[in-house]
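The following pair of complexes shares a single chain, chain A, combined with chain B in the former and chain C in the latter.
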Partner chain A sequence: MHSTSARVFGGLRALLLGAAAMGAGVAAATEAVAQEVQRGGRLTVAADTEPRNINPAMVASNGVFFVSSKVVEPLAEMDYEAGLRGVLAVGWEGSEDGRTITFRLREGVAWSDGTPFTSADVAFSAMEVWKPLQNLGRAIFADLEAVETPDDHTAVFRFTRPTPLQLIENALPAVSAVLPRHLYQGTDIAQNPLNNAPVGTGPFLFAEHRPGEYFRLTRNPGYWGEGQPYLDEIVYRVLPDAASKAAALETGDIQLTAFSAVPLTDLARLDAIDGISVIPGGYEGITYHITLEINHRRAELANPLVRRALAHAIDRNFIVDVVFMGYAAASTGPVPATAADFYTADVPAHAFDPAEAERLLDEAGYPRGADGTRFSLRLRPAPWFQMTRATGDYVRQALQQVGIAVELVTADSGAHSVAVYTDHDFDLAIGSPVWRNDPAISTTILFQGGLPAGVPFSNQYGYDDPEMNALIAAAAAELDRDRRVALYHDFQRKAATDLPIIHLVDFTFITVARDEVKGVASNPRWATSSWADTWVAR
Partner chain B sequence: MTPLARGTAAVGAALLAAGIALALAAPWLAPGDPMNMVGRPMLPPLADGRFPLGTDQLGRDVLAGLVHGARVSLAVGAAAAAAAIGVGILVGTVAGFLGGLVDDALMRLTEAAQTIPTFLLALALVSVLGATAGNVVVAIALSSWPPTARLVRAEVLRVRTLDYVDAARLAGRAPLAIAFLEVLPGALAPVVALVGITVGEAILVESALAFLGLGDPNLQSWGTMVANGRANLRVMPSLVVLPGVAIAAAVLAVSLTGDALAARLGGRR
Partner chain C sequence: MPWRFLGRRLLQAVPVLAIVAVAVFLLLELAEGDAVDAYLAGTGAGDAGLAAALREEYGLTDSLPVRFLTYAVRLATLDLGHSFAFSRPVAGVIGERLPVTLLLMGSAVMLSGALGVLLGGLAAWRAGRAADLSITVAALVLNAMPGFWLGLLGLILFAVKLRWLPLGGIGTIGADLPPLAAAVDLARHLVLPVATLALTYLALYVRLMRAAMLDAAGSGWVLAARARGLPEARVLLRHMARPALLPVVTMIGLQAGGMLGGSVVIESVFAIPGLGRLAFEAVSQRDLPLLAGILLAGTVTVVAVNIIVDLLYRRLDPRVGDAAAREGGR
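Entry: the complex of A and B
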């Protein structure tokens, strides 16, 4: 499989150029179409996690979507060509004043028990689930006042304040899973047993979950998609660790692993095996960052010269090449280059330059002492990815080379979150925030001042800049697309100038699949999409 | 001593001496911080003269990790074992010598401590206290003193009835002086046999904690190396095998040496 290997290894950086991402996706899609689709059969994949609640309308997370996005559908999904493709909605428009968005809904769609899908289901999901209960929806739909249903196939969202249509569009794939009103209304939604056995309009029906063993989905014979889905069954097998997932892939016990489930060091070996391919596409809509989080309550770190020195002291490309083995891209700021509609490269750059870092530290008034050390810091690497821990090891080494002594402090996930986001008991930390396709969803919260302590993955850094706060507020209420994008360009420049936190690399995930699995990576959120067009060759 | 016992004793002592020598010479054998990423990642052993045992997935020198890891394993193992034996001797002597209510209280405490599996207790302690080398020593010491305490108490109970102890009492010496200066030396010989086991176990517990990510993140330890190498088992087994062999050799060395020492001091076997 050396031909794919070459494409794959240079792949991610090319993919991150945005335009190229479209090209690769189209290529993958046409490749699938070129072959005659074969129907039937079972696809067995490695389970990612076993979340307790797999209701995607309540818990908008990739671990939940991996299973339940095949059962419960959103209003719209990301698409390589169109950007956004209607699923349960076929079209939408916003009003001039930004206070209403009208969705036209797909006709002829039924829930798996035969009840027709109507605008009442959308209104119920939005007002009773997304807005009050969903992790992301709470913020995005905070100003949603009511959803009107003039007829069965029209839903009109009314907001109390002007809300950019662009923000809602970008949020739709992740936040708009529609639940059946007739099965949820009048129940305690948070405790409804369907949260563990979801019912939706999607191409597959939830069959069973055996904890510690597998999830099983079966074909929905009444699915609205013409002739879809192609598969009869999807089984998510729970496997104990990364090495056993790689072994199961080799023996054919599973046919696919997503979310970089096998060790990066194993990819070259697996790709060389006949019948197995490494596929880096299909995650452009699910980008993560590795960040250096900085506690401005430390006098040294409140000094912008010191923060600029930190940015110059760390070699982002080293992290890309060694920690991520090339499967990542050096970051220029809080928006990844894959997000072509918001990204700007026109920001102050901080190239790797230890000499410049040392000069800045001297200028800031922290010369090297007799032992060669300027000052010492405590660094907490987030424990959730092997890569965050390894980046911590590298940052310690890089800062020690410019005379900053670093002591690593490790803790389990719970203790780490409390230490950083509640107690502020850190000097530096390595974090991994998620880019969710619009800066207003989960990115600006990392820079906004005045947030209460205890909000995870938010600005708990002690940075509170009036100009930055004003920019964030202006962009959140700007209805004009071009002006909104321009404001976010200013936001990126401000972030790269002040460096309240330092974005180090952008990374997505990798799929490893056996070659009989077709229709893989067919959209930018493939692993968390419906898989209606996925099939297995025999 | 049988020739076989003499042979194993020599092997143990040689291994231990080699380990200590490597640990002491680490700053000269592999200068600099062994945590530093210094070479191309995933170099196999014997491929590059600068890194005779290769590099790990982050480009850290495996040889540097092994020799500096010897320092961590041996120092933590010895310190933890010394602390555990110290606590055990104190508790055992006081309980055995004073008897009565004090004995009952201390022995119930010892039994209670013994019902908690050593490793689980150490795991819990390090999770709560934080992963630093000092805390690992404290955790191992606090979880592995009971066997020493029980052994010392039994010996003290035997020795304190001997005539020379009565003589000391008649001579008017203070009870604490009798306990620690007269009784304890006579009761120590069997403790030597425990030293090898306790140090060996401390090394194993330290490695296991590090393997689970609870070692000191600022130090390169053999357990950490095994944990990091595990994901690469299929690609480069040496990353797991080399530190694994080092752990096994260190535990074997202290066990064999401890046995030999006990046999010599005890005059038995």
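Entry: the complex of A and C
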């Protein structure tokens, strides 16, 4: 059994900050290696969501990867020791001018129908799918002009503008799932039936999806990985009710839940049960933030003093301890501390200090009125997680302490998204953006000005600062790694100074597994990786 | 079977369907966000170009009247179209789930009706005594418990602690069973959800049956039967229970209307792929074609159940003939 205290999360941070060391994630992996691997058997896990399109080359989202990353492989995957490990690519290098990246591809790999995997598949996926159709790729590969294939195992990506190799490397695990050209070419890719029954080069084959019941994957006997995969079958059981998931873990009907599918309040009880462990590692590569989104169109909120007051009024540690029961860390800005490459702690800090918040609000010209209220705001907590809603409840209380009346406005996903990101019908909102291992993927978009309305999970708060925009543009085109990192340090300082939005906490998810499941949390994107090395002891 | 009566019933369903269809369209229209917003919110990233392309594909860029017309024509011609949320024909999506829902809800209503009649009858017979009191109180307590909680209690006791029954779903995954064994497997999976639903509905039938029995007890025909010296059992069964069944049957007919929507919670707790969860998903995904399909399926179910109820009426009460059926059986 693993300890479930908040210290584990801190331990993981230390692990990633301090390069190679022992942590819960690595411990789980080495423990698996120490035992004799047992082959065969079925692993049954709780399904996360049932996305309509589970083609990971088109929809780069964790809900899709959870199922399809076992079937369709990317060029590279994250790794605790190497940082990045080649999967379908075995090596890559960028040119001096930043306009080309050459990938050397793995040989002896075949699609599950026996057709050999070649550079033509990579070129097709990049030009016909990632760049025009993929939710993340449309931005990352916007400058991709062509992919040349001098031979079957070399793919040369040509960009119209200098593109940092570091950015592409960091993006590879999420954006580079390779599709079989021979099954997609000449079809309407967006409507291809294989989007619901993917074909790839991965360790497992897609067997069936019974909507509302389960997904089933079976072992790919022709997988290129030596002796892998170990499992015969993976079943994702759809269990919509969180309490039922916890019960299913107890009975052994399912052996694993990922993405904090079991309520945090149940973790201590489950961990105390013999044969069930709570495993906090294996998600460092998919860190989420809880943010306070601020609509600058409100005169009060356009005032930097008021935004600073908001930052001082909210106790981040309270959110960590109460909302997340310790499974989170107070945030200092848009880059999580686990992202050692980019993180800097050298930013203006806004410690919890309600008195300072009140002083700033007075200074900004909003004294308490006769009823003790300075002004009132409408707060929309995003419905994505129980924790976003709970944070909304807390922020309401915290702001009322300093004289800001808050009205909570709740809505379902579609309504929340359009209200905040299209109609700008909010004063404050609680959001949960994802850190995707490079600030240029989904982080700077939270600060960039001049975006059109209707872009979800982006700066729709009316913040448009020339200096910030210049920093973002410079870093996006900077080829030198050190100078690029330095620019992102400036970006973090600027973000903490202007506070266009306020990052409150960083969190990753929790896996709960029965002890017979081995090889859990063996890489920083474990839940969304291939599971070729996962096995079940009998 | 009187075909004129059947035809009239179906015709009566048309205005009902039309009103509900308009209401569903308007409600989804009033809700903030459309199918594309709901979809992109689930994928975690997107941009304005992608959203515009998807809206074009779904036909969401048309004007409101055009969209309403497309929707109305589809409903009128029974062409269910394509679901946004499932990227599949609506008929297929619903077809998968309808049998499970009908089986689940049908069994639950039957069971609670039968138990309600038995216990309600017993309570009336023993009116004012301990049996009456305990039946009435137990039924009310069960009725007051939220369905999901009762379901979870049953699940923890019978599936987790005692391990007598499976935890959820509608069948053992990957078990390739012969037909008889598969039926047993399905039945075992349905025991808990059906029992939970039946117990939450029970109070209604118990109260109805009890009240109707007591009502009958004070009637002239029961007095006359007793005066004729008929055995007490015969008086109870023929003269009190039989007329008392009428309101129970009426209620079963009414509840059939709630059958489709009423089970979202139980379907979630027991992981049953039914229409309740599907309807919930259709609303949260702003999937108008799917919702319209569920609406049609629901209307057909309600009409069918009401026809059955009317036919039952004729058997239970010889006074109810064509005249009463034309009045809607009331």
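Here is the rule we go by: the second predicted complex is superposed on the first by the 513 of 538 C-alpha atoms of A that agree within 3 Å, B and C clash if a C-alpha of one lies under 4 Å from a C-alpha of the other, contacts with A are read in each partner's own complex, and residues count from 1 in each chain.
Just so we're on the same page, contacts are C-beta pairs under 8 Å (C-beta built on N, C-alpha and C of every residue); 3 or more make two chains touch, one makes a residue touch a chain.
All figures in this text were calculated on a predicted structure; none of them were measured in a lab.
Enquirer: Go through the superposed model and pick first if A:Ala411 touches only chain B, second if only chain C, both, or neither.
Expert: Touch partners of A:Ala411: chain B and chain C.
Enquirer: Where does A:Ile294 make contact in the superposed view: on chain B (first), on chain C (second), on both, or on neither?
Expert: A:Ile294 contacts neither chain B nor chain C.
Enquirer: Once the structures are superposed on A, label A:Pro456 by its partner contacts, choosing first (chain B), second (chain C), both or neither.
Expert: Touch partner of A:Pro456: chain C, not chain B.
Enquirer: State whether chain B or chain C is in contact with more residues of chain A in the superposed arrangement.
Expert: Of the two chains, more chain A residues are contacted by C.
Enquirer: Under the stated touch criterion, which partner chain does A:Arg237 make contact with: chain B (first), chain C (second), both, or neither?
Expert: In the superposition, A:Arg237 contacts chain C only.
Enquirer: Given the touch rule stated above, what does A:Arg269 touch, chain B (first), chain C (second), both, or neither?
Expert: A:Arg269 contacts chain B only, not chain C.
Enquirer: Taking the stated contact definition, name every residue in chain A that is touched by chain B in one complex and by chain C in the other, in rising order.
Expert: Chain A residues touching both partners: 243, 411-412.
Enquirer: Residue numbers of chain A touching chain B in their complex, please.
Expert: 242-243, 246, 263-266, 269, 318, 322-323, 325, 381, 383, 386, 390, 392-394, 396-397, 400, 407-412
Enquirer: Under the stated contact criterion, what part of chain B meets chain A in this complex?
Expert: Where chain B meets chain A, its residues are 33, 35-37, 41-42, 57-59, 127, 130-131, 213-214, 217-218, 230-236.
Enquirer: Taking the complex as given, what residues does chain A use to touch chain C?
Expert: 42, 44, 49, 51-53, 59-64, 135-136, 138-139, 190-191, 195-196, 210-214, 216, 233, 235, 237-241, 243-244, 247-248, 250-251, 253, 384, 411-419, 422-423, 434, 442, 452-457
Enquirer: So in the complex, the part of chain C that touches chain A is made up of which residues?
Expert: 31-35, 37-51, 57, 84-88, 93, 96-97, 148, 152, 155-156, 159-160, 163, 166-170, 173-174, 267-274, 277-278, 284-286
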